Amino acid sequence: MDIATIIGIVSGFGLISIAIILGGSPAIFINVPSLVVVIGGTLAATLINYPLADVLSIFGPVRKAFFHKESDPGELIDSLIQFATVARREGILALESKASETEDEFLGKSIQLAIDGTAPELIKDILTTEVAFMEDRHARGQGILSAMGASAPAFGMIGTLIGLVQMLATMEDPSAIGAGMAVALITTLYGAILANVIFLPTAAKLKIRTSSELLSKEITIEGILSIQSGDNPRVVEQKLKAFISPADRVAVGTDAA
Amino acid sequence: MDIATIIGIVSGFGLISIAIILGGSPAIFINVPSLVVVIGGTLAATLINYPLADVLSIFGPVRKAFFHKESDPGELIDSLIQFATVARREGILALESKASETEDEFLGKSIQLAIDGTAPELIKDILTTEVAFMEDRHARGQGILSAMGASAPAFGMIGTLIGLVQMLATMEDPSAIGAGMAVALITTLYGAILANVIFLPTAAKLKIRTSSELLSKEITIEGILSIQSGDNPRVVEQKLKAFISPADRVAVGTDAA
Amino acid sequence: MDIATIIGIVSGFGLISIAIILGGSPAIFINVPSLVVVIGGTLAATLINYPLADVLSIFGPVRKAFFHKESDPGELIDSLIQFATVARREGILALESKASETEDEFLGKSIQLAIDGTAPELIKDILTTEVAFMEDRHARGQGILSAMGASAPAFGMIGTLIGLVQMLATMEDPSAIGAGMAVALITTLYGAILANVIFLPTAAKLKIRTSSELLSKEITIEGILSIQSGDNPRVVEQKLKAFISPADRVAVGTDAA
Amino acid sequence: MDIATIIGIVSGFGLISIAIILGGSPAIFINVPSLVVVIGGTLAATLINYPLADVLSIFGPVRKAFFHKESDPGELIDSLIQFATVARREGILALESKASETEDEFLGKSIQLAIDGTAPELIKDILTTEVAFMEDRHARGQGILSAMGASAPAFGMIGTLIGLVQMLATMEDPSAIGAGMAVALITTLYGAILANVIFLPTAAKLKIRTSSELLSKEITIEGILSIQSGDNPRVVEQKLKAFISPADRVAVGTDAA
Amino acid sequence: MDIATIIGIVSGFGLISIAIILGGSPAIFINVPSLVVVIGGTLAATLINYPLADVLSIFGPVRKAFFHKESDPGELIDSLIQFATVARREGILALESKASETEDEFLGKSIQLAIDGTAPELIKDILTTEVAFMEDRHARGQGILSAMGASAPAFGMIGTLIGLVQMLATMEDPSAIGAGMAVALITTLYGAILANVIFLPTAAKLKIRTSSELLSKEITIEGILSIQSGDNPRVVEQKLKAFISPADRVAVGTDAA
């Protein structure tokens, strides 16, 4: 579970709530029509913007931004070195049980392909195609979140304009102007909060997640091909360590022993 | 018909209408001069921006964004595999009836070229040229919509400034200031709604449609060339499945059987 | 003459004028100091921004955006095919009269080079250099218009700030605040109108014109080289038609016969 | 220590403080809830935006922007020429003491690798990998600061909107409107100051630092490889001087003698 | 001396001064604290943004934008053709006096290198390195000016917010609100003027100057190498004319005779 995202969302909303509560009357900040205009309008614009199937499939990547178990490249390399040792000693078929045990679906599939004796070029082809489509799917999810981050403040402004026009056109009692304007401004506030606390930061996180997931997948592909070609575990280790920073290498493989 | 675009437009305008009606006096939101300045000004700027012929030809691509029957690459591949089977068994001339039956104009033309015995390089050349001009046409439509999305809020602001100057310059009765400002703000509201509910999201949708249509056309070209060269249906299937995501492949061709 | 640009400018200013006149007192919208700040300031910034020679040479490209006779690639190809027929039948020297008749200066020069027996590589070199410098000239004109489109609203804001400071600092009679603010806002209005009706759309049109003029020049170069090498008119036709969209080809050359 | 950054920060805050103190009542500019919303909100958005480990590791690169001892490429080249002379005269092992003496960690490591007799390709490989990861780390630090520079004004606006809504909704005494609005605006002020005095300029400085550090590291790699291959000190000098501007070359090596 | 920049700056400030004087009380537009916040703040941000040495070295490139003698490529080519004639007739050493006479430092250095009998590849190497560092220096100057153009309006806004908070918090006499707001807005005005009249246009001019200076230097390098290789003056002329537009060629070399 990604702690930073959770802490960020909770503390972001928490701080805003505290600032509101300190002001004395939190009830004035709840306005259902404003919420409907901002959230509804943003969703409507997103539906025009993207095909229905894409909008519906956003929840997968977003859930990933929240609850993604950060895959540690170091641990992954350790596993692959271990697999290499097993394959070297007992033959590649001995990895069968590893393939079914691992929680990492992509790793499992990769091992299975190697066990099945698939030709190396074909393994590489199959896995890189899958990675390319994963990237594509994530880029789409990120695009939807960015578009929502641009739409939310716009609909916030639209809602505020509607409120201002209503207030100004029907203004009879000048003393009521304050309350009317307060309600009008709430829609802008909602749009700003949604964009800056939810949509824009999660879109950015999704992008970072994609690149770290990409790294893991590239390590997996390189490792499996190296294991299948019968490389010595030390060679596998050397090849895979090139993917991580010099500082991280110390904690991995034989250096950690 | 593209359901998401329709739902989006209808719900977008619906939500805004509800917010307006809940406020009590919807009539104050209808102001013909404001509408004339925003829509007229946007159209005027578009005419200066783009040649007349391009502006007139925008309706084709826009209609596509609304009423485009999403071409399913999976179905297209299924059709092409079926054509390959027929061509293998009864000869390529047997596809004549298929060419006239299909609703997909581009597919029909491709089959006809193959039946006519056109040289493969020439088929590829003719079809890719057509695809390139299609892309160009769409890019232009998208550019026009984006330009309108940038112009509409600008003319909204121009209209509001005109209204404010008129109100402020002739202000005698301070109590009338509210009504005057309400009318002035309506133009900004119109500009914001047009840009954020219509122009910008349809421009984005058009871009996504272009890339999915491009995929279909590339599959068609690859498939027809494969059929013409007398490839086995299984080979055709393998070649075409590389274009779609691993997840979608299961539902296509022999895997679906 | 480019109808769209003229219609756009006239209708843009027309609509704004109507909105102003409907409001009742058009005289309040004429303010010479505001006009001086916006137009003068924009010109001053442009002079700092660009060398004097470049600013003075802008009128050529701008006039082109307004009064450019849209060169029809189809007609151009028809002419070139006709020239090819003449050259085939009566020898390339028979094109001498055509070179002096044509209104298209670039085409005339190209024919003259071919008649003079200039080596093909040299013709290509001379003409492409000229096209490159034409592109460069247009890009500069476009850059100047874009810079003006960014400066005009900025100087509109500067003028409004000057007006606001004057009004607020000397405010004795609160009832005069409306008139003072109206005058201040007029400068912002001028900046917004100039940028959105004139500078930004003409800059965009200039860009589109450049690419269509480029196409014509490329067709001319290809055509002249083909004619000089003694190609059959049908071959010339085929080569040149590749430059235009499949839909437009029907109206050109032998297909139109 | 980087003097410019320190002068900039101190004078930036100094000037703002002076402007505030001259206004008479500095106490009104201290508002803890506003500070909490802006700083807290910016940190929350940063946590959603970036993985926790990245946010925690920002202090290293930021400290560098403040307290970085500007490495002078000229001095570095002088050192390397001196090392080359020693290595030429007394053999490469004589550099052992230099490696442990130098404060430049990267230079020390490079010398050690050369002394250990590591193969040149491997030295190059190890060092360029380290440089690539350094670049990556800095780019991430810069990205976080830029994101904070974008978040701070947004949360400033959110805080101001909260304050305005509270003030307007509960406004009973019109004479209190000024004080309420003053408090509301302070949040926007905080956001603007943080972004423009701290986040955005330090992000830019970090980028410039990265490129100057990169230059030093490239000079070091080139120099060490040249020394290891037994190059004459004059050759080492010539190779390394190509990295610095002609004007700076005069002060370095034999030219400075 | 660059006339356009001078005219632009003088007329820009002139127009703004006229608009201010016409308003009646120019003294209200002079406010030292506002000036200190905007100019001081912009300088402070620039110091954080860039190393001290870079900020100090900005005056060279900026002076160039103001007082640069526009080097005419045509004249330069004429000089080089003349040098080629002399070198052909009297030997390359006869250029010695030309090298010391010319005001163009780069040209003088190039001639000297040729006279010294430096190898052509080395001449090219030395001169292009110098040009690359010139480009780099200019790009940095331009970056600093652009950063100042972005900072000035931000500090204008910060100053205005400080003024507004002070005015609103201590507002006892409602009739004083106008004067206070006027003072507050002056800071925004200063920021807008500095950015739009000085920083942004000079940054743009510097960029254009760089590209024209680059052209001159490239012509010089090509010309000197051609002269050194003993080319006929006509060949030198032909080679160099390729760098300038067809329209400009008429006024240069033998065509002008």
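In order of appearance the chains are A, B, C, D and E, and numbering begins at 1 in each one.
Note that contacts are C-beta pairs under 8 Å (C-beta built on N, C-alpha and C of every residue); 3 or more make two chains touch, one makes a residue touch a chain.
Here the structure is a predicted model, which is why all the values come from computation and not from measurement.
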Completion exercise
By label, the chains that touch chain A as well as chain E are D
Exercise for the section: Enumerate, in label order, the chains that touch chain B and chain C alike. Expected result: none
Handout entry: chain C on chain D, rotation in degrees - Cα superposition, rounded to nearest 5
Key = 145
Practice task
Provide the C-alpha centroid distance between chain D and chain E, rounded to the nearest whole angstrom.
Solution key: 28
Practice task
Go ahead and note the Å separation of the Cα centroids belonging to chain B and chain E.
Solution key: 46
Completion exercise
Among all residues of chain E, those touching at least two other chains are none
Handout entry: Chain contact graph, described as a line, ring, star, complete graph or other shape
Key = ring
Problem - Order around the closed ring of chains, commencing at chain C, then chain E - result: C, E, D, A, B
Handout entry: chain A-facing residues of chain D, complex
Key = 33, 36-37, 40-41, 43-52, 54-55, 126, 129-130, 133, 136-137, 147, 151, 154-155, 157-159, 161-171
Handout entry: Sites on chain D touched by chain E in the complex
Key = 2-5, 7-9, 11-12, 15-16, 18-20, 22-25, 28-29, 70, 178-179, 181-183, 185-186, 188-189, 192-193, 195-198, 200-202, 204-205, 208, 212, 242, 245-247
